[in-house]
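Two complexes, one shared chain (chain A), two partners (chain B, chain C).
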Partner chain A sequence: METLTPHARRWLMTALSAVLLPHLLVLPWWLSSFVVLVLGLGWGRSFAGFPKFPGFLKYLLFFLALGGFFVTFGLPSGRSSGSALLVLMAALKPLEIERQKNARHLLLLSYFLVAAYFFSHQEIAAALWLFFAVFLITSALTALELNDEPFFSRRLLTPSLTLLSASLPLALILFLLFPRLPGPLWSFPEERRMAVTGLPNELEMGGISHLVRSSKVALRAEFVGPVPPPEKLYWRGPVFPLFDGRTWRRLDVSPVTSRSGLIHLSPLQPYTVTLEAHHQPWLLALDPPFSVPTGASFSASYEVLLDRPLHQLHRYQMATAEIVKWPAEWVDRGGWGATTMLLSQIAQQRNPRSFELARSWAEAELGDEALVERLLNLFRQNPFRYTLDPPSLGGSGPVDEFIFQTQAGFCEHYAGSAAFLLRAAGLQARVVAGYLGGERHPVGGYLIVRQYNAHAWIEVRIKDKGWVRIDPTAAVAPERVEIGIAAAFPESDAFFLWREGRGIGWLRKVGQYRDLAEFYWNYWVLGYGPKLQNLFLGRFGLGLHHLNLWITALIGLPFLALLLGLGILNFGVFEKIPPEVKLYRIYCRRRARHGCRRKLSETPTAYAQRLAQKFPAEMHENTEIAVLYLDLRYGKRSPGDVGVDLKRLRQLCRR
Partner chain B sequence: MKPGENLRDSWRRRFDFWLARRRPEIGKACRLSHRRLYIIPTATGLFFVLVLLLILVGAANFGSSMAFILVFLLVGVGINAIWLTHANLLGLIIEPLALIPAFAGEEVALRLRLENPQDRLRPALKWSWLDEPEAPVLSQIKSLSSDNVSLTKIVRQRGWFTLPPIRLGSSWPLGLFYVWTIFRPSEKILVYPQPARSGLPLPLSAHAGGEKPQPVGQTQVSGNDDFAGLRPYRIGDSPGRLDWRARARGGELQAREFHGSSADRLLFDWWQLHESGVEARLSQLCRWVLDAEVAGYDYGLRLPGQDIEPGQGPQHRHQVLTALALFKVS
Partner chain C sequence: MTGSRKNFVEAMQVVNGVVLGKKLQVRLAFTALLAGGHLLIEDLPGVGKTILVQALAQVCGLSFRRIQFTSDLLPADIVGAVVFERQKELFTFRPGPLFAQLILADEVNRATPRTQSALLEALEEHRVTVDGQTYDLPEPFFVIATQNPAYQIGTYPLPESQLDRFLMRLELGYPEAEAERELLAGGDRRQLLDDLKPCLNNSDLLQCQRQAAALHVADPLLDYLQELLKRSRDGGLFQRGLSPRAGLALLAAARAWAWLDGVAFVRPEDLQAVFFVVAGHRLETVDGSDSAPLIKQLLDSVPLS
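Moving on to the complex of A and B:
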């Protein structure tokens, strides 16, 4: 067995470090620093004079890594813990590798490590990393074959570059043609909640305002017609009907139906959403969602739900209408059962003052709509403030505290309190979280909704009308609804100045083009799934139903590529042949036709002599050709002479 | 199975010998065409396929486009590696060079001339005898050039030795595939007997004439009376006979020639040896031949059924040693 040379080891470490780099950015910090330390040891080993590691040190590091892993992740069960374990083991492995064979296997596993990163992250920058990492791993494999090659040598880098660039066309074809299956082959048990910015699963006072600090994209939407005005862009997300006085919760129910039964009284407006992975089952849709996309259905509180959390970018088509008529069954749904009632009682006990206030409204026996008006007036007529930094509500009754003491809050404070007050007054009301607004991309024409567009409002069941959307924030800060989040806060807020890029024109432009690139990336690369594939292939009349054709193509293509490659090599299609060799070959072929074929081992001089014996008349010509050819091929001459000689050789050979 | 060989290698060896038997022997230059080349995935190559399948399953499961791109790119890399590996041997021209006789117990060398007619480097070529693949000789050939490689093997038996088949293989660039070719050199190599390690002194008493031989060491110096003149140096002249003084003065290198110096004529006689075994006798005779050649004596040989007149020089030496190498007890 061949042992690993320091050169090859350095290449192994280079490739491995490049592969692990992006993993380090998503691992917990202590694991990352551990991996960096271990990689450092591996690098050290690749320089002469560094001692072999004693066995106990390897075991110590191994058990340290394993222990740390279990403390952080528990038993490995899903993607991120699985790849974290792989990363740890891959970083440790070079410490004990002494043989070429094992190094080769580790490099092949590094290909899998690259893939493991893509199982959960797929940003544009990662695509560049893909090519770079694959190039380095392939070069490292070559370095193992050329044991004593210097670190950077053309001989080492050329084959991997050739291999990679030559496989691009095949990769593209396979990417387009390889049949994509909808849905996972099997599902992993989900891991603990990942720390992802996005709408929460449970809503507390202050649960939305922290989102506003993030400018990460939540979704992008393309409209067929004009983009609706900002105050119509209510992106409906999770709905929270349950309230225990502190926290709003979703009804823990599975999807109910995929039929909405809604009747639109104004024209339907179709649009397409590209939603970033948020690891929750709900989809965002303009209020009210008219129908569900394939694979999704409605929950009892009219959320659009997938049957599993969304771990990938998802693209779906939806439609909305401004004026709709709710069918009776939707008005009655909403999970108004015993649990809701019980929780409502607890909530009332926790916030007695607000409860009393609402009871007093109910005793006045106003209509449903007048009650709502009463509520909004409460916010309008008292010194309520709309702020990004609301004072924290620590007590057991946050609604009481907010209404009667602090009177400063973000949208979820207003929505939460409003829903509570209306319920205490005898109406059915629920809190809805989502996004409000979005900015239109000046070039792409699509709408970008970012995390700082996060918003919360309420829905109230009003007699004869069904569920009606009411935004209490509009009573306090109407500019938030009509213009956008930036308008709701004073110009001086440096945070928003930076976010919106106002005043720095070119920076804003750069940002816009970055977003455009990301949009197309999402559409064509990440979003290329069964649906888009069918659409694309359908244009050429190749649906997924032509299964025979598919299988033939997929098996045939690689073989075709292989045959082509062999053919090219065998017949030297792309070989660079010096002109004198070409001419000499022509000459040999012509003489062969006269019955005197040049033998493989025969030198030009010997051949000329043999020809001279056979055709004494052409002796001078043959000798001159041999001399000219040998001179051109092996002699050192000035460029001027070469030209003259070549011309003469051409004359002689073509004769 | 040979000792210390695992099952896979054993089958591999048998397969290779089977292939070698199917191939005609080559004596002249031979171009490696696709008909002479075999290519299979290595164990690493199979592992690579397994990794690709794993990535593919993961990509389908998590619906990850990037992982799909990765796996398709690697499929391309794997397929291209096949022909890149194949191309590393394709078109090479191999020509066995003339074989040089050797002594039993020493290494015989098979020298091959390699020519690379294409404009590309051929790195990481591994040469080995088919029956000892463990220690390959590594070489590489630059584009449009030629190079010599020699493979050595220790031979124990005198006589004609048939060289085993040779394997030339390479798994460059990625080690995922292994391309190889096998050929049998057509010529046989002549192996002289093994010279006895510290043999008897030269049998100066058994000289061909009847005169008393002079002791070794004085031969060249005291043979002055028979000195016949100088002649230009020929390859094979013993150093003791060269005129070093003339050379030191700046002249041509010349050898002293002696006439009819009966003192220098020796006869190595099979029947004079008292060793028991045939091989031991041949070894002793071989030793004498070498010693006599170095010392500058004329020497002859008497074997059962064969007499060689005294003489010296490389031709004569080869004749005598060949007789020893091919000697058979009748």
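Moving on to the complex of A and C:
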């Protein structure tokens, strides 16, 4: 039971600090500061003269940590609370470690902590950090064994570097070859998510404008042909048919299985989307979507839905067409039913003035399309403003408040009010959230859609035409639709200037290459699923359809590895063979080809004599080889004086 | 060639001139002498055991005693006894025949175990203890014991533990026709023996022994030796494997054998050359049959590189 030296403790603390660092960025701030404090105490212990921690202090810190944890997370369930608990306890552990053995355990646990961070964060930076952390942990383990080595020494760092680089090819092979499963092997319990940026599940006035402050990537899309113009890039997300006067909600409609009657009347345009995890079941698709990717289906309100929320980066293929004819059944259901009607009444009571206005339009008995035009004119002819900072709508009737008082809003204000007004006028209308536009990557050629591209519009059912997309925002700020979000706010916000790197050329370049790297990382590393693996292996004729081969390999490979391992242990495969033995073996192999094989236990002298009988012409050569070999292998030699003889032996044996 | 080695090889050649056609056995006998071990010769009477031993003693300049073992021989008969000298009025130790440099213990298996033990103890310790007093035997001290395998009635075959004390066991065998003819045609062997001049003195011999014991043994050779020992133990060929003492004996004999060739280090063939005679009497087959084929099998099965 060896005690931990201060030197080894410093290594332990180095590795542990590196492991915990990224976790600190994720934890609530006060837990992070607690971890920093405790780590500081652990560091202090590694310097001479620092006293051992008294037991009561350890208990105090322990219960503080535990209490804080329960206050923040409740009972541990799910990934983030689980790893938070682990982080807290790992930070506390060095305070009580006095022995090498315990330090070793903590370091082994650190490997898991590194992996635990990867459960939730899979960016390139996280991967780079992973390598560094694993290197430090391995070095710390080495430091435990080499007690008196200086902090940075070759003897200490070389083994971990060697191990790490030796394991890379194996990791690569496993990554490429190990069969990929379509979904995760186990599912983590659902958990409360904090601060997820993305389209909301419910839409309130002001529910989207906060997204515009985020430049996080929402999705990337690759097109086979040219990228469509900005005004056609309506990325359709969740659809909200239900409105209670304040909040728009989605309708949980079961997916539509039959797609008969869905036809496209213009050429199909296929594209591929890499969607960031947004923890919601819907996929984003260009409006109108025509096909669904595997694992997803259409809902009656024409959303593309997965059967579970999307917790990982997802890559899927879709197709769109300019003109799509929907099945009549979809048009009829469309999220329209008794609930919708009931809630509409509540909404009308909450917003009486707008309701009255819409009723007055309905009494004029215009056609459906004229009604829509009337609505858009309302926005055009009155001093409505498109703004990122709309005044908050506190009252019970936000539509009334917006139309008649503030007249300043973001897209969801216009969409929400428009849908309400059209409904009041007797039409069927619903709000759709999604993204509009995107920016083309100059190098990668793909389209990047960020959170600040978030948008909301409406769909109206028009007689003989079905559901038609109307964008009320276009009536107020057409440049938002035609050019992009930055054009809509030319001078108001420095955010977009900065984000898009206008005026700072190199910053823009750096940003672009960063995004390109991320794109390939997403595609090749995170997106390496069964499909991509099949594609990749297919190039070598090893597709997953060779199921038998795979099963054999999966069972056979570990077995083979086991045998190999045993073989190495037993027969010393990696035993260092001296050069003279190598040469002599070559010599024996060559003579064996001439029909005179050396027996297992035959001495070089005896073999040379036997050879001399068979090939009298080569007698001198064979004798010289035997003498030289015996002398090199069994003679008394200092390493310095073998050179000449070895050279001679090489000459003779290679001849 | 060092002076002492030259004399030693010359002595060996002289013995070869007396004991005809037994070059290998003569060399092995000299190897045993050189390695400081004792020799057990197992053969029928009349094949030249005594001649060999006497010639050896003669050319090496060793004082020679022959002890004929019989069933009534007592330990005191070989070791010596304390007797009372009346004139001086004190007890003095009168050394037995064991106090010589070369002992021929003839037909050692006819003596009782008690007497055998007395001999073997001296073999191992190079000294005897009588009445609590220890007496060193002369140096060099070399015992050649003979056993007669033909007459087993009324004999006490040496137990294995005691066989282990002999460095090697030799069989002389009948001479080949040519050598026998020369023997028959030649003069009196006794006369020949008497005419032999010593080629070495004691200090020469001791120096040779020291040189041989210091011969270089490389790691690969020790690997090979260890592998041989290991196979003898877990190969299932023998009742029990070679002891560590057998390993040391093999190494000493191999060194002496190599030294006779005048090489600077021990080669694997040196080890193989002495392996039969050193290991032969220490290994017993499971069914009690002749161990030689199995020893050959053992040697062949261990790879040499």
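Keep this in mind: the second predicted complex is superposed on the first by the 533 of 655 C-alpha atoms of A that agree within 3 Å, B and C clash if a C-alpha of one lies under 4 Å from a C-alpha of the other, contacts with A are read in each partner's own complex, and residues count from 1 in each chain.
Here is the rule we use: a residue touches a chain if its C-beta (ideal position, glycine included) is under 8 Å from a C-beta of that chain, and two chains touch if they have at least 3 such contacts.
The structure displayed is predicted, hence computed values, not measured ones.
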Exercise. Counting only touches as set out at the top, which of chain B and chain C does A:Q345 meet: first, second, both, neither?
Worked result: neither
For this session: Report for A:L174: first if it touches chain B alone, second if chain C alone, otherwise both or neither.
Result: first
Exercise. What's your read, chain B or chain C touching more residues of chain A?
Worked result: B
Exercise. Looking at the overlay, does A:S266 come into contact with chain B only (first), chain C only (second), both, or neither?
Worked result: neither
For this session: Once the structures are superposed on A, label A:A606 by its partner contacts, choosing first (chain B), second (chain C), both or neither.
Result: second
Exercise. Looking at the overlay, does A:L630 come into contact with chain B only (first), chain C only (second), both, or neither?
Worked result: second
Exercise. Which holds for A:Q122: it touches chain B only (first), chain C only (second), both, or neither?
Worked result: first
For this session: Applying the touch criterion given at the start, work out whether A:N377 contacts chain B, chain C, both or neither, answering first, second, both or neither.
Result: neither
For this session: Show which residues of chain A both chain B and chain C reach, each in its own complex.
Result: 599-601
Problem set entry | Residues of chain A that touch chain C when the two form their complex | 581, 584-585, 599-606, 630-631, 633-636
Problem set entry | chain C residues within the chain A interface of the complex | 216, 218, 220-221, 264-269, 272, 299-305
Problem set entry | chain B to chain A touching residues, read off their complex | 28-31, 34, 44, 47-48, 51-52, 54-55, 57-77, 79-84, 86-87, 90, 93, 95, 118-119, 121, 123-124, 171-176
Exercise. Residues of chain A touching chain B in their complex?
Worked result: 79, 101, 104-105, 108-109, 111-112, 114-116, 118-120, 122, 126-127, 130, 134, 138, 141-142, 144-146, 155, 159-160, 162-164, 166-172, 174-175, 178, 180-181, 184-186, 311-312, 525-529, 558, 561-562, 565-566, 569-570, 572, 575-577, 599-601
